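What follows is subunit A paired twice: with subunit B in the first complex and subunit C in the second.
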Partner chain A sequence: MNLIPLFIALPLGAAFLLPILRYRNFDKQKTGQANPAVILGKWSKRTPDIVANLINLTLLVLSLMVINRGMLVYKMGGWEPFKGIPIGIYLVLDGLSVLMLLIINSIGFLAALYSVNYMEKYTDKTRYYTLFLLLIAGMNGVVLSGDMFNLFVFLEVAAIASYALVAFGTEAEELEAAFKYQVMGTVASGFILLGIALLYSFSGTLNMADIARIINQQGIQGTVLFVGALFIMGFGLKAAIMPFHAWLPDAHPSAPAPVSAMLSGVLIKAIGVYALVRILFNVLGLGETKSILYILMVLGIISMVAGALLALGQRDFKRLLAYSSISQIGYIVFAFGLGTPLGFLGGLFHLLNHATFKSLLFLNSGAIVYATENRDLEKMGGLLERMPVTGTTATIASMSIAGVPPLSGFWSKLIIIMAAIQAEQFIFALIAVLISIITLAYYLKVQRLAFFGKLGQAWKKTKEVPGLMCASMIILSLLCLGLGILLLPGIKSMILDPAVEVLKNGAQYANLILGE
Partner chain B sequence: MNILLYPIILPFIIGIFCLLTPKKVRETLVIIGSLLTFGLTVWFFFGKIAPDRLPTTGYFRFDSLSSFVLLAIGLFGFLITLYSLKYMAGKNRLREYYTYLLWTIGASSGVVLANNLILLLVFWGFLGLTLYLLIGIGGQRALPAAKKAFIIVGGSDALMLLGIILIWLKAGPETSIFSLPMDGISIPLVGGVAIAAYLCLAIASFAKAGAMPFHTWIPDMAETAPLSVTAFLPASLDKLLGIYLLARISLNLFVMNQAMGLVLLIVGAVTIIAAVMMALVQHDLKRLLGYHAVSQVGYMVLGIGTGNPIGIAGGLFHMLNNVIYKQGLFLAGGAVEKRVGTSDLDKLGGLARVMPITFVTFLIAALSISGIPPFNGFVSKWMIYQGVIEVGAGQGLGARLWIIWLIAAMFGSALTLASFMKLIYAIFLGQRAKELARKRVKEVSWTMWLPMGILAGLCVIFGVFAYRTALKIFILPVVPGVSFLGVWSPGLATLLIIIGLAIGAIIYWLGNLRKSLREDASYVGGEVLPAEVRVTGVDFYNTIKDFALFKVIYKKAEEKLFDIYDLGRNFVFIFTKGLQRIHTGVLTTYFSWILIGLVVLLFLLMR
Partner chain C sequence: MKGMTLIVKTIARLISGLIFLYGIYIVLHGHLTPGGGFAGGIIIAGAFVLLILSEGSKKASSEIKKQRASVGESSGIFIFWLLAMLGLFTGSLFFLNLLPKGKAYHLFSAGIIPLCNIGIGLEVGAALFAIFITLAVLKTGEKK
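So, the complex of A and B:
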């Protein structure tokens, strides 16, 4: 059986199923009668939790099942190509998509698990999970889509779900952040759509492989570069690359913690970095174009430096994490900009690692908010004593992101800097190294202010967060400890190498899919 | 399993068990763990492992340098663990303390046994983390110091990463960095890449060992962290490892040249003098010792910087000696602090009578660090002086300035002696401070004085029998071709010193000296000195601060103008402030960035 459509169909279906269950629940509350679905009714308070978590667990299992399956192409509706020209909608699963699916669905599962307790304080879990599942469906769609327009549609599904999730708390600050995010996000989407339209007029097709083939035949022309610039701006905004980053420090901290974890850990990578490199390298075939690569490198360095400097000046825990995301995305984009296999490896590995430790840190910040109702670092202190799980996992995540061996972040940073040196970008390599020192500095600041030191009077009665939240943080921290094993030869050839292979092949993508 | 893994894995596993077991079991476990590790290192060193049991993979290696440093790690790890049992008793977070202690021993063993640069870096970086966590156990006051230490040490680790990758680029980018054995690398210091690589690694070793200008974390943490941690890491293991790395890169990985030797000579000389000048004016026992921990590194760097066998051997021997007497000093200082409850020199005094063992060990260690014959510090300094003189016979700028290095080294010794006179007087001699006078102080328990005694004994043995013990067993196998310039026969000199002392004692006992000696209160201008204005030993040295030139420098130093950490932070924050100012939160501004960005992109791609 072909598993590929399930990645989109399952979360999308569940997202629409949940509100239906909710109406049944409303009936009962209004009339107070035992209605026919009494057993369901008894469960109904937990129904959204259970449904959403089961769906996410299934998705995680599915994405583990597709590891190392080689390339799979699913033609929607069984529409075969006509005279070699693809006419149906394609879903394509290759090494890169597998890696992204693993990231999206594992972090998605852990964030949903965390939400069970965390979202108690918000009133409407059904709407929350509906949006959450839409977000997952959109991201899975983006990484699987083999068609430009479908990629755009799924991108918008994910983006709009994320606008709503940022505003979920409906306080003034959250609404403002969501408004800014939406306005800027829409501008980006507009430019992306313009780019797609130009590509369509250029090549007469929307199928990504077909576009790649046509560009291959005709050579890289002005239109392609123009579209490339539009995409760098559009997807760059979704990925929060400087100078297109300004929405992120407002949006990510405002969302509920599990959503922040999804946004910072996964969303900016799935609809930002992934879409950018997939289209630039595989579809537009710009992987060898020096100017594009140089632009990516420079943008990466700018984000890396400015994000880290801004994070250093932050007092608000979640905003600090948000700026840190910009900085880390800078590392990833810089690595891709090197354009060498080692650079791709470093970028993809760092992308994976960043997903784990940044989500974990956002979940930690959520745990602190949950326990103390406070985000200001200067007012915290000594929380390690009262919240050992949160404190320890946060230490592991901070050390990992700061690149302390033997945690996962060290290995990906090692490979990125190796790639930079190999490409003889000595100055950039030095900057990347210096910024990792600053990263260490601001995470040590978090440690010092929040977890160590004297326990503040106000937090004497603080308790550790409930079990499911702890479980999700512990699993993520184990990932931070152990993901370095992905570099062991046997495991590397299963997960990372196929993904690197896809980017290395560049425009060969077309031939692999169209089978020529 | 590869037997070289045992001293790495054993402490790690026992450390994990420590986290899980109750107090009584834990303490036994820790002692057994560190004793076993020590035993292993002794067996490795003296047991002469059969070659077929040595690893065949390229990841670990075992040569005369690593085996000797490993033995030292095992010994000092065990002594500190023993000492901690009583010293740390009753403090918070002991569970973590012992675990981190054992992990530190394991990771340090890993550093010296690693034969792959990435493996070395992993252990090395992990040590930064345990250092940070161990300092943090000192509580609220130690936190800023912990952060500073980790930023400097961890930051230098990041540079080390860069250096290692540069080595890889130079030594063979076609092989994987993970399978590049260290013993196959030998890079001449020619060209930017090689020099940058050497400097990056040298900075890492300077930061670890505490050479200037990367030393500032040591005095800060010495003041606030638990004293056993200071005695263990910056005073012992970090010295061993930092100098180990410096020796490795200077002797094996790179082929040194004169220019780089000159850099090391300058760093060494500046470190010796500047740190000892800072030590002279300190008021706190622990901080003062912290500055000496920095100053002594200068000798080792100087020794290695000479580049001739006698100097290098002297540097390595000084590394060993320094760890012995410095740990002795810290442990004795800790004993005082434990019994008295303060380390402020103004509040101590007159403890020699009540803590005789502590006094004697402290005295021996102090004489040793000051380079007084016949103790071990003298022998290694003497070798370094010879190395420096031999530099003078060579060519180049380093050789022409040889007299400067020699003066720095000798003058540094004199100043060290001066500051220890102050310390010994302020702690053990003179009158007791007023607060202390009423307190009953007694000697510490055996688990604390035994390590101190062992260290003091080593100071004597390695000094008096230097050629027959330490040099022959540890140092000369590492550095071949050492030839001594002058003749120094420690046995004879000791004999003469002992005879001199004996004659003095005879005169003292037999003659009238004893009768005519009287003890009395302190006088100033014919008036008995009241307790409030007692001479503490600190005041006398304040005059140094008042010299016109020094006054300015000390003032700037206290404002942290020479502190690389504060300089870096201020520099970075200029940019942070600027960036914060332009992030106004106004949507239209952000829009203009997006549009400008797009226009620039289009311009760059379409022109």
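So, the complex of A and C:
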């Protein structure tokens, strides 16, 4: 049995099952007797927790199982290519997809674990997990899809689930953020759909490998460059690269903390950066077009600088983290824009590291909100004393994101800066170093205001958050401490090297999949 | 809203059954004639929407109806998912058409496609109805 469709099918199935399970519960509340029409097992309050966490655990195990399997192509419904032209929908699992699956499903699992306690504050856990699983299914679909239109469909699944999740609290602020996010997200989807339509009219196919082959044959023409620009706008909006970032500082802080962790840690990378580099480098074959690479580099630098400077002035913990996400996405996009293998390595490694420490920081901020109902940094203080686990893990994550050795963030930033020097972009390398120092500055500010200093009067009775929340924060902080080992030769050749290989091969992607 | 006059109510009641039947026809003949699960599902939802429009939103706006519509929707899409997974478990291919294909242009033919259409019809019909009810509930919620 082939494992690949399970990545999409399992979370979808669980998302469909949860509302059915819930119905029985509802009837019992209203009428005092169970609905005889429902034959499924006994409902308890914990059912959605258990189902969602089991599914996420299974997905994590599955994504660990596909490491180092080489390239797998799955033809949906068994439609074989006709005279070498693919006619069915393809799912493609290669090194880059494996890396993304690992990120999505590990952070997804930890965020679901964290939700068990955290989401008690909200009313409807079933609906929350339904949306959460749809989000995961959509992102898994995006990274596995080998078909342009399916990529778009899965992207919309993930995006629509995330709009609803941002609005989950249904307070005025959350609804406003979700509305803004939805408008901007729809504009992005419009650009992407237009790009796909133009590409379809140009090549007559939607299969990504087939498009790549046709572009290989015909050479890069104006249409391809225009489509590339459309995708940079569309996916750039989804990834919140600087001129397209306006929705992110509203949307990410407004969501419940585990959702913020998923959005900032994973979503902007899976449906933004991943989809962008996959299409630009592998499908359109623009990996060697200087103008496109330069655009990526400049956009990366702009978001890096502006995100960091805007983060410096924030008082709201979650908003600061959101601006910091923009800055770090800048690093990643900049690294990809260098277009060298070392740049790809740095970008991918930073993508992985940013997923761990940024989700950890959002979970930390959630823990503080859970314990103190407060997001304002100025009103915090000395919380390390009352919340040792949150405080320690937040310190580790802050140091890691600021690039203090030997934590994971240091290694990825080092590689990015080395790659920039290797590519002779000395000014950009210098800016990257300076921004790293500014990053350290605003995270030190967080540390000083929130965790160190004098304990505020209001927080004398604050308690540490429940065990499961602590557990997921501790696991993430261990990842922050230890992910540097991924650069050791033996382990590097299992996870990072295959992913870099995919981007390095560029338009060879077509031949690998179509098998010529 | 109290609903419309007796004439409208009676005619709507008479017609909605026919519309409902027509929706089922479209769903079941999805693999033979134009239409299918989506189109049929919308017609089925239309039958209910017509009833609510004529009777007024008060009758529609109970939480339990919303729940039932939500469950109908989830069941429809779950049936679809189960059919896809059956293919994966028995024939190792997601969405394998594992039933016999039968003769072309017969009602019982084309393997699992009619079953998929039924699932989609249920999903689309119930989802559209749920959306309509939710909007109706929102309207009354504002007045309180």
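Methods note: the second predicted complex is superposed on the first by the 506 of 516 C-alpha atoms of A that agree within 3 Å, B and C clash if a C-alpha of one lies under 4 Å from a C-alpha of the other, contacts with A are read in each partner's own complex, and residues count from 1 in each chain.
Simple rule for what comes next: contacts are C-beta pairs under 8 Å (C-beta built on N, C-alpha and C of every residue); 3 or more make two chains touch, one makes a residue touch a chain.
Note that this is a predicted model, so its numbers are computed, not measured.
With both structures placed on the common chain, the touch criterion links A:I491 to neither subunit B nor subunit C.
By the touch criterion defined above, A:A458 lies against neither subunit B nor subunit C after alignment on the C-alpha atoms of chain A. Between subunit B and subunit C, the partner in contact with more residues of subunit A is B.
Of the two partner chains placed by superposition, A:L54 touches none, neither subunit B nor subunit C.
By the touch criterion defined above, A:I85 lies against neither subunit B nor subunit C after alignment on the C-alpha atoms of chain A.
With both structures placed on the common chain, the touch criterion links A:L64 to neither subunit B nor subunit C. Shared-chain residue A:A9: touches subunit C; no touch with subunit B. Touch criterion met: A:G313 reaches subunit B, while subunit C stays clear of it.
Within the complex formed with subunit A, the residues of subunit C that make contact are 64, 67-68, 70-71, 73-75, 77-78, 81, 84-85, 88-89, 92-97.
Interface residues of subunit A facing subunit C in the complex, by the touch rule stated above, are 1-2, 5-6, 9, 12-13, 16-20, 23, 26-27, 30, 74, 76-78. Only residues 118, 121-126, 128-129, 132, 136, 140, 143-144, 146-147, 150-151, 154-155, 157-159, 161-162, 165-166, 168-169, 173, 177, 193, 196, 569, 572-573, 575-577, 579-580, 583, 585, 587, 589-591, 593-594, 596-598, 601-602, 604-606 of subunit B touch subunit A when the two sit together in their complex. On subunit A, the positions that touch subunit B within their shared complex are 180, 183-184, 187-188, 191, 222, 225-226, 228-230, 232-233, 236-237, 243-244, 246-247, 249-250, 291-292, 295, 306, 309-310, 312-313, 399, 402-406, 410, 413-414, 417-418, 421-422, 426, 429-430, 433-434, 436-438, 440-441, 444-445, 447-448, 452-454.
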